[in-house]
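In the two complexes below, chain A is the common chain; its partner is chain B in one and chain C in the other.
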Partner chain A sequence: MHHKDFRKSKKGQVEYLLQNAFRIGFLIIALLAFFLMISYYINNQIDASYLQSQTLLNRILYSDTIMQQDLTTGRIYTGVIDMDKFSNPTVLDDGIDYGQYQRHVAAKLKLLNKEFNPKDQFVADVYLNKDLFVNLQTVINSGGTGKSSGTMYISQYPVTYFGFDNKYHYGTLVVEIIVPNS
Partner chain B sequence: MGKVRRFNKRGQEDKLYFLIWEMIALAAVILVILIAVRGVVNGSSYWKKYYSSDLALMSDLANTNRGDFTINYALKSQGDNYWSKIYLISNKMFEISMESDAVKVYDAPKEDSKSFYTFPFAKNKDVVVQENSVISDFIVLSKSGSIMSIGEYGLSKSSDCNSMQPMDTRADMALININSFSTDAKTNLFSDSISAILKNHNINNEMANGSDIIMAYSKDASFTIYYSLDQKNLLSKKLACLVAREYSLDPRFASNAVDIKPYDGFLDNNKAYADYMSREFGDKEFWIVILLSDNELVKRNIDRNQFAQVVKNAVVKYYG
Partner chain C sequence: MKITKMVKEHSITKFENSIWHKGSIGHRLLKSKKGEDMLVDFWAILIFALILIVFLILFIANKHQTTNNIDSDFYNKDSAFMLDSFLRAPYLQGEGENMAEIISQDILKNDFTRTESAFNYFFTNIGTYNGYDINYISLCLKRSGSEIKHFNKPVGPTIATYVGTSFNVCPETIDDEYLYSKTTIPGIDGSNIDVYLSIRHTTKNTYSMAMQLQD
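Up next, the complex of A and B:
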């Protein structure tokens, strides 16, 4: 049989189709694998949650939000808690205002008296975005993950505070910060 | 049959066609891959996320401190190298918008941007954010007094005074008590006003070991503030800079220029002044001399109480 006639015959077309179908199929699989590898290895995500928590921590520790401040010079005494401020439950929301973006971060500050033995004694606590903190803390404690959960960062610092008994006390400031997952 | 085809001319022609089609298919695959990679590289979402979070977190920290600061922020240069030219990767420009509670980053111009990223920051209640948008690969984020703003490179020189920190305990004690003197009758009242306002703020306790703000007069010298050569800590230089800055930023004084110079033993080339300074302040380390001329005292007729307010503001900011 002449080869020209063979290509025109139905048998020849089927043979060509089978050969090319395998080739094209393999090519599609290889291309898909390549695209998947590109998208897998390209990092397009930025996780700034730890940085967010540290930024908020710095705002709390080094600003005049809860720390004592000399009103004449404006100097802030880092590590000395002003109890007049700390006893105000909205002090953090007033001083660290995220405006319309309230789902950005939440925090709880807990002040303990270090002089009380055998265990530190609770003095006071104050929240930033209390509703968000309570909700996310519940989800985190129950092992929830994903976008409805968050990451909690806990740290503690030795502080001094002027108690309502008009005496300075040594204390521990426990800072719990929750950054919602994005 | 195949063996027969390989030896005739028509069979060789078929093989050539087959190779050509294979090459075309290969070229098509490479082209598709390059287009896909170029699409990923040309995507701007990563950088929009990066710049919005980076700038917003810095803005957040700017609201912590009472002091002033300036950050010169260079955006990563993209699309301007050998490979980017070969692959036709465009140079990405972003429009960065500072709002009262967030930084937003768009593809420039904002109107043509398909998407944008927002990262919030917490504003201090005493800080006013000047809302502004900038298209540049070099931006300046600054907080001066209670004003926070974003702009292109080119802040005025008077906008920032170097933050000079005390190095030891002795230096830490300097400039806590500030006395004000005058070298002559022309500036006596200025000196009295400064003393009074500092006393009201418990900064002037008339202590012997205090630091000094000395008012001096020259008929036609330019307005200059000299600072003592405490070069180890540069505390006097910082105070001189703050006074000059507060003065030039005060709208009541219409941005009058002020020179700042280290004191080199001469004041306006006046020997009487030099002797006076040597006699009265030779042993002291921390002081500044504010030299006013007829331009300020007569022509501009500067109010001494307003000027004292400027000095007081500078002293208060010294501690910021």
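Up next, the complex of A and C:
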């Protein structure tokens, strides 16, 4: 039988397939491995909530939004809270504007006085996006998950504040930031 | 299998009789169409396996690198804020000096009572750090590279676990268990004083901390 005729015959095709079975199998494995490697390297599930919370946190702590500022030099005294600013309930909403992304993060700052040890005494609190914070806090506290919930990050920082009694006090600034799940 | 058998059957001591010698069975097999295909297959598999191993090693090595870098960067900034906040804080029993000035004076007098009491007071009830339980806060003072004073403040509810592992040196690296910040303040005698703040923390548990702190 002519070679071409043999390859066209059923027997020839089966033999050809059997001869290359190993190669076909190896090719399948190689392709699978290739796609697996690509899928491992492409991370399409990025959780940026921590990054968002830290960006906001740094903006609050290092800006003049609530911290004391020398108006002559413009110098900001990080860690020293200006109570004139902190007693204004809308200080964060006025000072931090994310424009159309305003609703992407919410925060609560709580100032506690250390002089009432062992438990700190509440002094004042301010909110950023208060409605969103209260709604999401309720969902988080009740164990809600998914897109209607959020992730809360809490930090405590030692600070100083100039009280209404015209004296400096040591306090604890509790920062609670909620980033909605998206 | 055939090749292996043939290799065993032929003597390798004499080149003339080796299987690869021109005219031998091995040589003829490798030079044949089938033999060339086998060699190509062999090299293809080998190279593919090598590439796979290299990629796997790279993947395992880099898996958490980006996340860790972001975390570490922010941790350093946060601990820097705590240190900054402490050094700027006024000494409450003083005459308007801040803590940086009190530290300089204490070093000159070699009496650290004021620094220690202010440090303990200032960091009272600081127990949470982005979902981490803080167990130890440590302040360390150095001049010209040598340590002059070290304070440890145990905090947090799980302190018993960490009694044996409190800081006994100024940490100068950041790892999974603690973070630190360093700054330099001027001493009264003109020397530079390095101030370190180190914080040891435990495993992250954002949700449970959120539940614990709400009131």
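Simple rule for what comes next: the second predicted complex is superposed on the first by the 140 of 182 C-alpha atoms of A that agree within 3 Å, B and C clash if a C-alpha of one lies under 4 Å from a C-alpha of the other, contacts with A are read in each partner's own complex, and residues count from 1 in each chain.
The definition used in the following text is that a residue touches a chain if its C-beta (ideal position, glycine included) is under 8 Å from a C-beta of that chain, and two chains touch if they have at least 3 such contacts.
Just so it is clear, the model here is predicted, and its values are computed rather than measured.
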Touching partner for A:Q52 - first (chain B), second (chain C), both, neither:
first
Tell me which partner A:Y62 touches in the superposition: chain B (first), chain C (second), both or neither.
both
According to the stated criteria, A:Y101 is in contact with first (chain B), second (chain C), both, or neither; which is it?
first
After superposition on the shared chain, which partner residues are touched by A:Y153: those of chain B (first), chain C (second), both, or neither?
second
Identify the partner contact of A:L31: answer first if only chain B is touched, second if only chain C is, both if each is, neither if none is.
first
Given the touch rule stated above, what does A:R75 touch, chain B (first), chain C (second), both, or neither?
first
Chain C-contacting residues of chain A that also contact chain B:
51, 58, 62
Considering the complex alone, what residue numbers of chain C touch chain A?
41, 44-45, 48, 52, 55, 59, 70-71, 74, 77-78, 81-82, 84-86, 88-90, 92, 121-131, 206-207, 209-211, 213-214
Which bits of chain B are touching chain A when the two form their complex?
1, 5, 10-11, 14, 25, 29, 32-33, 36-37, 40, 43, 45-46, 49-50, 53, 57, 60-61, 63-66, 100-102, 118-125, 201-203, 316-317, 319-320
In the complex, chain A touches chain C at residues 22-23, 26, 30, 33, 37, 40-41, 50-51, 54, 57-58, 61-62, 77-80, 112, 114, 117-120, 137, 140-141, 151-160, 168-170, 172, 174, 176
In the complex formed with chain B, which residues of chain A make contact?
1, 3-4, 6, 27, 31, 34-35, 38-39, 42-44, 46, 48, 51-52, 55-56, 58-59, 62-64, 70, 72-76, 94-101, 104
